[in-house]
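Paired with chain B in one complex and with chain C in the other, chain A is shared by the two complexes that follow.
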Partner chain A sequence: MIGVFRAAWIIARKDLVVEARSRELAYTTLFFALSCVLVFSFALVHGAESPGADRATDAAFHSQLAAGILWVSIAFSGTLALGRTFERERQSETLRALLLAPVEHAAVYLGKLVTLLVLMFGVDLVVLPVVGFLFDAPLGAAPGLLLGVIAAGTLGFAAVGTLFAAMLVRAHSRDVLLPILLYPIAIPVILAGVRGTAAIFAAEPDLGSAFLWFSMLVFFDLVFVTLALWTFGPAMGE
Partner chain B sequence: MTDAVFDFREVEVRDVSKHYGRRRALAHVELTGRAGEILGLLGPNGAGKSTLLSVLATLMRPSGGEVRYGGRLAQEVGDRLRGRIGVLGHDLYLYGDLTARENLEFFGRLHRVANLKVRVDQALDAARLTDRARERVSGFSRGLRQRLALERSLIHDPRLVLLDEPFTGLDDASTTALADRLRSLRDAGTLIVMATHDFDSADGLVDRAWCLQSGRARLLEAAGPGLGSLRERYRRALVEASA
Partner chain C sequence: MVPALLVIAAILLAGSPFVVDAAPYEASMGIVSKIFYFHVPFAAAMLTSTFVSGIASAIYLIRRKPVADFVALAAAELVTVFGVVVLVSGPLWARKAWGVWWVWDPRLTMTLVMWMIFAAYLILRRFGGPGSEVLSAVVSIFGMAVAPFVYWSVNMWRTMHPQTSVVPTLPSSMAEPLWWCMAAIFSLYAALLLVRVGIERNRAALEAAYIALED
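Up next, the complex of A and B:
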C-alpha cells in the first residue's frame, strides 16, 4: 500500500495531465469568472454612482462591491469546475477503479481537491488583477494578506465542494443539487472571504479586521478538510 | 496498518443476500472458488451477476451473509485486500484522454507495481498494443479498449480476477487470445470469476459455472460425456429452477 499523500499526488497529476490536454475546465471556468466580473462591474458600478453621495461613502461601497463581485465569480466558476471534475470520473466509471485501488479513500478526495485548487488558484490569479483594474482596488495595500484571504477562502470552498461533488456523482440531477447543497454550507467561507477582502480593498485598509477574517477562514478550512476526510470514505461506500 | 502483502488461496461466499430497498438482487448465494480455477456466472439480465461481482470486489457490502478471502473478512484485511483483486467491469475504467501507456502507468503506480516500466511493456505486449502505446484511448475501438482494460485489471498480478462480460466487442482472434490469456492466468494460480452471456466462448473455459436467476445461484452440472454443451446445461438448470 502507498501513503495517502503519494496516492493523492498520483491522482492529482493524472487529472492535471488530462486537463493540460483538453484545457476544457481552465477555459470554461476562466471565461465564466471573467464574464461574471465584467457583467457585475458594468451593471452595478455605473448604476450605483449617485451624485449626492459623498466620496468616502462611495469608496467604501465600491470596496465592498469589488470584494463581493470577486467572491461571486470565484464561487460560481468553482461550482462549474467541481461538477466537471467528477463528471470525468463518471465516464467509463473510473471512480470505481480509484475506489478499488489499495489506497485509502481519503487519497482520492485529496487528489481531487489538489486538482481543483490548482485550477481555482489559476482563475483567482487572473480575476484578481481584473477586479483591481475595474474597481481601482488597492491590490498592493497588503498583498500577502490579500493572497492569504483568497487562498484560504478558495480552499474552504473547494474542500466542501469536492466532498459534495463526489457524493452527487451518481445522482441524476447532480448539476442542480450541487449548488443547492453546497452554497448553504459554504456561505460562512464566502462571507468571511468578502469581509476580509473588503477590509483590504478599503480606501484606508483595516488590516486588523482583515487578519481576523483570514484567521476565521483558516479555522473553517481546518474544520471542513477534517470533516471531508472523515466522511469521504463512508460517503463513497456504495 | 501493516504494509505486509496479503494473499489468499480460497474465496467463500456464504449465504450472501443483497437487497436494494425492497428489490432482492441476491438471495442466499453460496459459492466457493480456489486459486487456479475459472468460475462462470451465467444468467439473464438483472439476475444479480454484476451485483455478486461487486460484492466480491468489496465495492458493496452484502445485506446478509459474508464473503471470506482465505478465511478472513474484507473488513479484517482492509485496503490491502483490494491490492489482490483485479476488476474488469462492463465499463472499462480507462481514461480516454490518456494514452494506453499512461493508463497502465497510472493504475500501476496506484498499485505500487515494482519495475513499472517493464511491467507496462509486458502488459502492452499482452494486449497487442505496443505500437499504439502512445495513442489516446479515446481513439481506440471497443475491442482495443477491452484488451487494454483487461491488462489494466491485471497490472498488479491479482489473486482474484473479476470479469464482467469480458468477450464484449472482441473479434474471433481477440476472443481466442483472451481465452488463452485466462487459461494461462489459471495455470499461474489466479482465481477468475467471470460473468458472461457468451456461452460459446465460455464453454470449455470455465471449470464450474453457476446459473443465477432472480438472485438465486444454482451450480450447473459438471461438463462430461452426454451432458451437453454449457448452453444446454444452463437451459436445463433454468428449467429446473423454475419448476
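Up next, the complex of A and C:
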C-alpha cells in the first residue's frame, strides 16, 4: 500500500503519457474550445461598431461579453474532455483494474483530477489570449488575480466533473447525463468565474470584488473536493 | 399515520380558502398578495424536502439501508412537484409586484437551480440503468451543498426578493392564515412522502419476490 498522493501521481502520469502519445484529447478539446469562442462571438457581437455608439456602454458590454464567452468555452470544452477521459478507460475495461489496484479510491479520483486539470489549464492558457485578442480584453490589468480566478474556477468545475464522469462510466446514456448533472451543480463556479473575470476585464478593474469572487471560488473548491473525495469511494465501491 | 396526516391535510386545505379570504388585503398589491399564503408554504416545504433528500442520500451512501434510498427518492420527487408550484405561483405574483415575470434574484435563482438539480436526479434515476441509486445519492448530496453557494453568489450579484425576516413582522391578521397554510402544506408533504416511500418499499419487495421466484 503506497501513499495516496504517490498513487495519484502514478495514475496521473500514466494518463498524461497516454495522452502525450496520442494527443487526441488535447487537440480535440482545444479545437472545440476555440470553436465555442467563435460561435458565441458570432451569436453575440453585433457587426462593426457604429461611430455614434456610446463608447462607455460598449466597453462595459464588451468586458462582460469577453468574460462570458471565456467561461462558456471553458465549461463546454471541459465537459468534452471529461467524457473522453473516462471513455478511454471504459473501452479497454481498465477502470475496473484501476479500482482493484491496492490503493485508496481517493487516489484514483485525485489522479484523474490532476490529468484533467493539466489538460484544462492548457486549454485555458490558449483560449485566454485568444479572447484577449478578439475582444481587446486587458489581460495585463491584474494578471496574477486573473490567472487565480481562472485556475480556481477550472479546479471547481473539474472537481465536480471528474466525480460525475467517473460515476457515469457504467451508467446508460452517460454522454447525455454528464452535462445534465454537471451544469446545474457547476452554476456557482461559472457565475463566480464570469463575475470575477468581468470585474478584472472592466475598463476600470474592480480588483476588490474580483478578489471576493476568487475567495468564493477557493472556498467552493475546498468544499467540493472534500465532498468528492468522501463520496468517490462509496459511489465507485461495488 | 398516513390516513391521519391525509385527514389533517384535507381539513386544513379545505379550510384554507376561507382563512385566506378573511385575511386583509396587502396595501400595495391587492388580491395578488393572497398568492403569498400558498407560495411561501410550498417554498418552505420544497426547501425542507431538498434537505430530507440530501441527508437521506448521505445516510444511504454510508449505511446502504434501502429505506434511506426510498426516502431520498420520494423527497426528490416532491422537490420537483412542489418546485413547480413555487415556480408557477412566484412569477404570477412577481408580474404584479415587480412588473416582470422573472428577476435574477438569489432566492429565485436558487429555487430554479435546486429544481433543475433534482429534476436531473430524477432523469438519472429513470435513464441511468442499474446502480443509478448510488449515483443519484451523490447528486442529491451535491445538490444540497450547492444551495448556499448559489444563494450567496447571486446575492452578491443582485437582489430584489423580500427577505425571510418579513415573516415575523407580519400583523397577526396575516400571520395566522400563513401558519394555517404552512400546517396544511406540511401535513400534505409528510403524507405524500410517506405514501411514496411505501410505494417504493412495495416495489422493491415485489422485485425481490420476482428474483426469488426465478432462482
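Annotations for the structure displayed:
The definition used in the following text is that the second predicted complex is superposed on the first by the 231 of 238 C-alpha atoms of A that agree within 3 Å, B and C clash if a C-alpha of one lies under 4 Å from a C-alpha of the other, contacts with A are read in each partner's own complex, and residues count from 1 in each chain.
As a working rule, a contact is a pair of C-beta atoms (placed from the backbone, for glycine too) under 8 Å apart; a residue touches a chain by one contact, two chains touch by 3 or more.
All figures in this text were calculated on a predicted structure; none of them were measured in a lab.
Judged by the touch definition given at the top, the superposed model places A:191 against chain C, while chain B stays out of reach. Of the two partner chains placed by superposition, only chain B is touched by A:2; chain C is not. By the document's definition of touching, of the two partners only chain C reaches A:180; chain B does not. Within the superposed three-chain model, A:170 lies in touch with chain C and out of touch with chain B [touch as defined at top]. With both structures placed on the common chain, the touch criterion links A:96 to chain B but leaves chain C unconnected.
Put simply, chain A uses residues 237 to touch chain B in one complex and chain C in the other. If you check the complex, the residues on chain C that touch chain A are 61-62, 113, 116-117, 120, 123-124, 127-129, 131-132, 134-135, 137-139, 141-143, 145-146, 149-150, 152-154, 156-157. Chain contact summary for the complex, chain B toward chain A: residues 1, 3, 57-61, 79-83, 85, 87, 89, 91-98, 102, 106-107, 109-112, 152. Within the complex formed with chain C, the chain A residues making contact are 160, 163-164, 167-168, 170-173, 176-177, 180-181, 184-185, 187-188, 191-192, 195, 209, 212-213, 216, 220, 223-224, 227, 231, 234-235, 237. On chain A, the positions that touch chain B within their shared complex are 1-2, 7, 10-11, 14, 17-18, 21-22, 88, 91-94, 96-104, 237-238.
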